[in-house]
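Presented sequentially are two complexes of chain A, the first with chain B as partner and the second with chain C.
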Partner chain A sequence: MKHDFIDRYSRLQSPVHDLDPRAKTLALFALIIACVLTPPGSWYSFCIYAGVVLIIAVASNVPMSYLLTRMLVVLPFVLAVAIFVPFMHPGGPTVDLGPVSVSREGLLVLWGVTIKALISVSCLILLSSTTHFNDLMHGLERMRVPRFFTVVSAFMYRYLFIIVDEAERMKRARDSRNFQGRWIWQAKVIGHMVASLFLRSQERAERVYQAMTARGFDGHFPRTVELRMRAADYFFMAVVIAIAAGGRVVAIWA
Partner chain B sequence: MGVISMADVAVRVVGLSYRYPDGTEALRDVDLLVRTGETVAVMGPNGAGKSTLMLHLNGILQGEGTVEVAGLEVNKKNMREVRGKVGLVFQDPEDQLFSPTVGEDVAFGPINMRMSAAQVDLAVKRALKWVGLDGFENRSPHHMSFGEKKRVSLATVLSMEPEILVLDEPVSNLDPRGRRHFLEIIGVLEATKLIVTHDLEMARKTAGRVVLMDDGRVVADGTTDSVLGDAALLERHGLL
Partner chain C sequence: MHIPDGFLDGRTMGALWGVSGATTAYALYRVRETLDDAKKVPLIGVTAAFVFAAQMLNFPVAGGVSGHFVGALLACVLLGPWEGFLVMEVVLLVQCLLFSDGGLAALGANIFNMAILSGLLSYYLFALAKSLIARRGGEKAAILTSAGLFAWFSVVIASVACSFELAISGTLPLSTGLPTMVGVHSLIGIGEAFITVAVLAVVLQARPDLVSAYKSPGLSAGLPAGEVA
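Let's look at the complex of A and B:
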């Protein structure tokens, strides 16, 4: 079974894929921070941010349809939180939308939350679709992110596929015994499955650790490839960070 | 057994007992002597303590009693040396293979043994050649077949060139061809081999001696023919 839902397309060839993971991480995080700090009414700034994201996306060869569907996944969560804001601003100017009138200020908040979420999420999708997961972890490690986080994430990535397979097998075994999951008392079955999946994963972790210590593991991961920042990486980082800062300045000035 | 010199002893276990943290007694006063170059099948029903015993051979578990491998007493101080001498291949290749590529996984042991980059490269190439997977360095293990994963697991240990090779159920779940192939690979290796299994057929094919365990004890120890020829004994200990 093949699973590549986290870093699908991360093995494509493109100028963006070739960049050092650190350059991408820093540049895209700068963009996210600038975007989040921009007041919702600064239309030009958001156009600039979205433009940068679009250019990187096109240069990366990652299919647009993939980026869009991934972005849409987060939209419901954002809307669930923010959709009621326009209805909750008493006083102030209102906008008539057919039979209901909503607060103008609230509408602006909703727009701000949505556009910021979409731009931030697309930055992250671009980062993970143009960087192989292990390189990303390696890059984070070099940027002094505590080893604990990177090692745990790397193992999560490695064993996620196996846990998904295991869950799939359990589900098949369950369904072959005519489980329908329609009644509330059947929720118990799902609870048991989650629990046994957890136990199995924990036992597996124990065995993996044994297999590693058997080969002399002492808590430090050997690294075979070393990362190197090249001129192109510095250039990319400088340009993206400059544009992000520029976008934020435009918001003040406009 | 007669007098044998220490140099000929690959594994010496004396009076080993082990109790799991939950209180289960897994090993009760186990003695085992394996000579250099021998191939021994450690057999017994599920839960007999076979795997627990194997985990003692390179100090992953430490019970009461003495364990010596290749003349070294297994203790906290010489763990690195011991783990270089004893190679453990686990039953499920998913437990053994955790790296993004085959090459990195096979290099993991040698790097931990502080080999130089050139030595590591050589060890990886050689180990992959032994298992018939040369050129697989950049493949990702989770896209390989079970048989291939099994062979990569073996390579991850062979790259450390262990003197003693411990294989836990090496051919379970393999198809007949994969099984034959795997046994051929094991057959030509010169290391002392301990094979944990409850597969009578495989024990007959590979091992000169069988150690039968049940309920944490060694209940029989002799030539393959004498132990596996005793149907009553096998039946009593759940192997027939």
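Let's look at the complex of A and C:
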């Protein structure tokens, strides 16, 4: 069964896909840090960050519709803040919005969290849509992220597909026995399903692990192609980090 | 509850990165030999994948709000507190990098809420309650009762921390944020407690050797590691 809900589009061809995962991780991380530390009123800085993200997005060939859909993940938090804006900073200067007037400060906070969340989240979406999971983890390993994290992530990634497969099989079996709806009295069935899903996945995973050790797995995931930082990778990293720093500096004056 | 980037100020993010980083360093020291244990590796991998998958499923709470499973206490009860803590960190890291669920700069805060408070703190309170209840009844019943209780607590305490972090950062005032967050999450906590107890009850019955918080006399004594399955 093919599951591509995790790193969809990571197998496309583009200059961004060809970059070393370390270069992409560090550059985009720098961009996120610069962005979240910029005061909300610095319009020019946010234009600069958004411009960089847009250029990378266009160069990556990842469909814009996909990027925009994935960006909706921050929506619940933005809405939560938006609801409470009228109650913030009472007594300060206000702005009239049709029938209601809300505080200027509150609107500025809302604008700040929204723009920062959108720019940061598009950086992360671009990273995962242009880098295969194994490469991303190998890049982190080469950046000295502790082995526990990279090994457990690698296992998690493999076993995730086992769990999804097992869940689909159980769901098919359940539905073919005329189970319908999501009601409170069906909670017991769902509880049992979740629990046996865990056990079934565990027992399959034990067999997978035994098969891996039988074939010589020693806790390291061997690779046929080693990662190598080329001139283009250093160039990309340097340019993005410089722009991120530049954007943050602009915010001091503008 | 995964806080995205942009909602916390630099001070809050930095402080929580510090706390989470120090806890991680100590946890890594505690589990330095775990990855050599052939029996634990698949269990850690499956637990991580299971928590990860369960966090993607949303269940409806009152008023159109939906919540999802956190799984930190379940991971700690199954694997032990430090392994469970690190598994939660892996889940949060991968969710952040791959699903952009929770920000990268805000990762320290999310680790603090959902791995330290929901995981470590809730686990030690669970262990305390378990040993108190176990004096009067069976150990399995004690595990299930206290797991249900502190699974609920683990979700609520994370939402309390989350609203304080948002308030300190000036994003959401405490007077409105705290009651809303806690109200919604005490409902989500019921779902959390239900799933945690459901999974633990079945695992305790079928494969008690997989539950690290359960020490049955005679089970761990006779069998060599890795040959239980």
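Rule of thumb we're sticking to: the second predicted complex is superposed on the first by the 245 of 254 C-alpha atoms of A that agree within 3 Å, B and C clash if a C-alpha of one lies under 4 Å from a C-alpha of the other, contacts with A are read in each partner's own complex, and residues count from 1 in each chain.
Convention: contacts are C-beta pairs under 8 Å (C-beta built on N, C-alpha and C of every residue); 3 or more make two chains touch, one makes a residue touch a chain.
As the structure is a computational prediction, the values presented were derived from the model and not from experiment.
Engineer: Report for A:Leu199: first if it touches chain B alone, second if chain C alone, otherwise both or neither.
Structural biologist: second
Engineer: Touching A:Leu160 in the superposition: chain B (first), chain C (second), both, neither?
Structural biologist: second
Engineer: Applying the touch criterion given at the start, work out whether A:Val95 contacts chain B, chain C, both or neither, answering first, second, both or neither.
Structural biologist: Once the two structures are laid over each other on A, A:Val95 reaches no partner at all.
Engineer: Which partner does A:Leu68 reach: the first (chain B), the second (chain C), both, or neither?
Structural biologist: neither
Engineer: Could you tell me if A:Asn134 is touching chain B, chain C, both of them or neither one (first, second, both, neither)?
Structural biologist: Touch status of A:Asn134: first partner only.
Engineer: Where does A:Leu54 make contact in the superposed view: on chain B (first), on chain C (second), on both, or on neither?
Structural biologist: neither
Engineer: Once the structures are superposed on A, label A:Thr213 by its partner contacts, choosing first (chain B), second (chain C), both or neither.
Structural biologist: Once the two structures are laid over each other on A, A:Thr213 reaches both partners.
Engineer: Residues of chain A touched by chain B versus by chain C: which partner has the larger set?
Structural biologist: The partner making contact with more of chain A's residues is C.
Engineer: On chain A, what residues does chain B touch that chain C touches as well?
Structural biologist: Common interface on chain A, chain B vs chain C: 133, 155, 158-159, 162, 208, 213.
Engineer: Across the complex, what residues on chain B touch chain A?
Structural biologist: By the definition above, chain B touches chain A via 55, 58, 60, 80, 83-84, 86-88, 90, 92, 94-96, 98-100, 103-104, 107-109, 111-113, 142-143, 156-157, 160.
Engineer: Touching chain A in the complex: which residues of chain C?
Structural biologist: Residue list for chain C touching chain A: 3-8, 10, 13, 28, 31, 34-36, 38, 41-46, 48-50, 52-54, 60, 86-87, 89-91, 93-94, 96-101, 103-106, 170-173, 175-177, 180, 194-195, 197-199, 201-203, 206-207, 210, 229.
Engineer: In their complex, what parts of chain A are in touch with chain C?
Structural biologist: Those residues of chain A that touch chain C are 6-7, 29, 32-33, 35-37, 70, 73-74, 77, 80-81, 84, 87-88, 109, 112-117, 119-121, 123-125, 127-128, 133, 136, 146-149, 151-153, 155-160, 162-164, 167, 182, 187, 191-192, 194-199, 201-203, 205-206, 208-209, 213, 219.
Engineer: Can you tell me which positions in chain A touch chain B when the two form their complex?
Structural biologist: 2, 132-134, 155, 158-159, 161-162, 204, 207-208, 210-218, 222, 224
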